[in-house]
Amino acid sequence: MTIATRIGYATVHDIFVRGKDLSKDIIPKADFVDMVCLCMLGESPEPNFKRMINVLLVTSTDHGFTPSSMSSRLTYLGAPESLQGAVAAGLLGAGDRYLGATQNVAEMLVTESKGLAADAPQADFDNRAREVLARYKAEKKRIYGVGHPIHVEGDPRVPSLRTISQECGYYRSCWRLLDALENINRTEYGKFLPINGAGAMGAIAADLGLDPKIARGLALVGRTAGLVSHIMEEAVRPTGAEMWSLVLGAETSSELAAQ
Amino acid sequence: MTIATRIGYATVHDIFVRGKDLSKDIIPKADFVDMVCLCMLGESPEPNFKRMINVLLVTSTDHGFTPSSMSSRLTYLGAPESLQGAVAAGLLGAGDRYLGATQNVAEMLVTESKGLAADAPQADFDNRAREVLARYKAEKKRIYGVGHPIHVEGDPRVPSLRTISQECGYYRSCWRLLDALENINRTEYGKFLPINGAGAMGAIAADLGLDPKIARGLALVGRTAGLVSHIMEEAVRPTGAEMWSLVLGAETSSELAAQ
Amino acid sequence: MTIATRIGYATVHDIFVRGKDLSKDIIPKADFVDMVCLCMLGESPEPNFKRMINVLLVTSTDHGFTPSSMSSRLTYLGAPESLQGAVAAGLLGAGDRYLGATQNVAEMLVTESKGLAADAPQADFDNRAREVLARYKAEKKRIYGVGHPIHVEGDPRVPSLRTISQECGYYRSCWRLLDALENINRTEYGKFLPINGAGAMGAIAADLGLDPKIARGLALVGRTAGLVSHIMEEAVRPTGAEMWSLVLGAETSSELAAQ
Amino acid sequence: MTIATRIGYATVHDIFVRGKDLSKDIIPKADFVDMVCLCMLGESPEPNFKRMINVLLVTSTDHGFTPSSMSSRLTYLGAPESLQGAVAAGLLGAGDRYLGATQNVAEMLVTESKGLAADAPQADFDNRAREVLARYKAEKKRIYGVGHPIHVEGDPRVPSLRTISQECGYYRSCWRLLDALENINRTEYGKFLPINGAGAMGAIAADLGLDPKIARGLALVGRTAGLVSHIMEEAVRPTGAEMWSLVLGAETSSELAAQ
């Protein structure tokens, strides 16, 4: 029985990643995003592509208390001996609903934008959006990548992400379809569900031609850095016990049980 | 009761990270390593410091089949529905013995190099190394960061990492002490335990003045990218079932149980 | 804002679980399976139901080297400081394909057995099985709970699990449909895919009327005990490094990379 | 290279656990706690020992909102596709400070009760407690297993656990030392830090002669059942979003950042 990977391997004297000598050809020359592209995609990125990968990583890194950072902090409260355990607990929440939803958005946009050229007339995108919204409504399927519990009037990251995508030549059919979905939903269905961060990141990943799983994967890389930051802070200015107290203070379980 | 973080927060219209507007001031300007430094350390890095952070991330990303990538692949075999679960399984092995050992090395070097100036004479480092080796031997404590199961004649990453540290002005007391430990152990104790990758990364983290926990944290960020790569490959060219078969093929449990 | 759970709560002087005093009414009287039923289902089990829950827990506990126990052992190799991390790594593989598949089996059987009474004539089950197999084939859907990489002639646990289900009065429509699926697949399609352990456990969970997620949940409880056993053994008779060596020994990555 | 486990193995036709035929000798006869003992310890338990294992599992199962159940619920909020991921996130908090602390208590009691017979005079235990408290104070070490954020006047589980231990003949030197530590701390140091649940469970594990790691392991088994219960409830009566809102409502990060 044999077993193999194209990612890399070590010999007694050398380590190779994607066929390059890690010590001589990668460590002295590559920055981390070059390495991410080499490892995940097998090749070095062109500059605009690299800028977009940076944008995906930066956007998913962190922005304060979220379910994933709360989970990491609560885990660290009980198990301060394991930094990696607290990080893992936070990453496990990067699923279909938060953070990992970039993958679901990318899958939806890749599927639903089939046959639409990046430079097709706007009417084609609007018609496709109408058709998608009607079909999802009929099938009671959820549109991924729109709506946000806090940024109810629009997610501030989205315009920045759109502008950079345009500057880099990656504002293509998936982005255009997502924008059309938001617009038709608002103008014709009367529902204002603005594109959220996961939506924009999913559109970027899809327009970069990435496997949708890589969209979730990049969000995990970025978020790992954010979670480490939270745990470093938790170690010196803890909040875990306060979060627990807040929940216990709002709890009405005893009343519920008495019913 | 109040609760707070200095990392970041969101309002209805804005998101702030370390006091900067994420959408306007960070996403358009920062690359991922800038963001890592901003989040973890609260400030933007100077160029040489940034290069060293890149080097730490690149070095820990991946190099083929390791216990952590094997664990991720075996997890994906049973649970292909959860990319984040497979990544978390791989990260959980980044502990005191592999990968996470960068933290243990950094803690050891920070403690044991106390009082040694970065430009102290070589004899000072040699004497300190003698004292540390004798004390650890007496206390049956383990020297972290030396020895490797594959690279028995020396880890190929170490010379590259040392050279870059010297170029960037971060070859300081922790690096020098680690080099002295390897050298005195070989010349005076007859034990050739060459510095390994975690050793060099721990020395770098310590000479950068990072909290040792950040050394482990950066290794987790880099490795997340490597694990995502393994899972992407596992999805198309699976190895998990073969790994299981290899173990069952080498298994002698029935004989053991019969004893 | 209020928040509540019906599972339990603590006051300064007491702890309640499902409305009972943990210290006075549960700890002195309940065994663990009583507690599992109380917590998960909100009530104490009748004796035959309790026997079936015991059977589900016992069957999922362990049987040697599997992807989940290998993952736990490889994690412990790198991070011996965290028992809970090594257990978590093993549980993360309890997904749609292994172990957690009890949930998928239960969902399939609950859905596909709709309208079939537990004592309906055998011909009704056979016809339903024919219809299901034809439909799944047409839709390229997978039948869960059949086939096994090792027990190719039949999983030895299945006859025991069927007999106990019959003794306890829980051999009902889901079990009967699963048996019919195996039988029709063999006699009319010429495919011998015998029912596996997850299949039988899924049928039991479905015939007990459990939410299918509880099927996966009980498998997690049982397997946690198995994984703890593996880690205890790994701590004194390690195998992790040998598993890694086996994989490196079978590896042909260097040849692959050279292509 | 060979590899082996004494826990179990499978052949084409049979599965063995600890040398017994799983299908014929275990599944039809053993309840889950028999299986836990067989797997972890290699033998069937005598009745009083079995009762104590039941007590350990029951006590650690659940009691409402705790950091571990909060972490599981927050994880499920983001990733409802993975029950096992949400369970793993909750288990990762079972560390040195909460839940997993049973291991730390057991280690402390095993070490510090050396040489004290189970039926030694009370004065011997009091003197040992004095010596331990003085030494830990001098070394700034923490006494494990005492104090609780909610049960400040005494943990209601402790008297029940003590009584059952006495009934079963397992109130021995570790339990007696823990009681003496609480008592001397109160009467001679003026510190009322009552024994908590983890303390009593650690004393039980130690007096049962278990490896302290098994104390943590059993807590993980029990808690897995509790976490599954929480996730089942979260799926129908969600609380995750409310917990997040509570934290955001109490957050003063913007003020902090403005300083």
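Order as written gives the chain letters A, B, C and D; numbering starts at 1 within each chain.
What we mean here is this: a residue touches a chain if its C-beta (ideal position, glycine included) is under 8 Å from a C-beta of that chain, and two chains touch if they have at least 3 such contacts.
Note that the structure is a prediction, hence the values are computed from the model and not measured.
The chain with its CA mean position farthest from that of chain B is C.
Centre-to-centre, using mean CA coordinates, chain B is 31 Å away from chain D. Between chain A and chain D the centroid-to-centroid distance comes to 36 Å (mean Cα coordinates, whole Å).
One simple way to say how far apart two chains are is to compare their mean CA positions; for chain A and chain B this gives 24 Å.
The residues of chain B that reach two or more other chains are 1, 3-9, 11, 16, 64-65, 79, 81-82, 84-85, 88-89, 92-95, 100, 150, 242-243, 246-247, 250-251, 253, listed in rising order.
If touching chains are joined by edges, the resulting network of the protein chains shown connects every chain directly with every other. By the touch rule above, chain D contacts chain C in their complex via residues 1, 3-17, 22-24, 26-28, 30-36, 39-40, 54-55, 57-59, 61-65, 82-85, 87-89, 91-95, 100, 103, 150-154, 156-157, 159-161, 163-164, 211, 213-214, 216-218, 220-222, 224-226, 228-233, 235, 237, 239, 242-243, 245-246, 249.
If you check the complex, the residues on chain C that touch chain B are 64-68, 70-71, 74-82, 85-86, 88-89, 92-100, 149-150, 240-244, 246-248, 250-251, 253.
Those residues of chain B that touch chain D in the shared complex are 1-9, 11, 16, 18-19, 79, 81-82, 84-85, 88, 247, 250-257.
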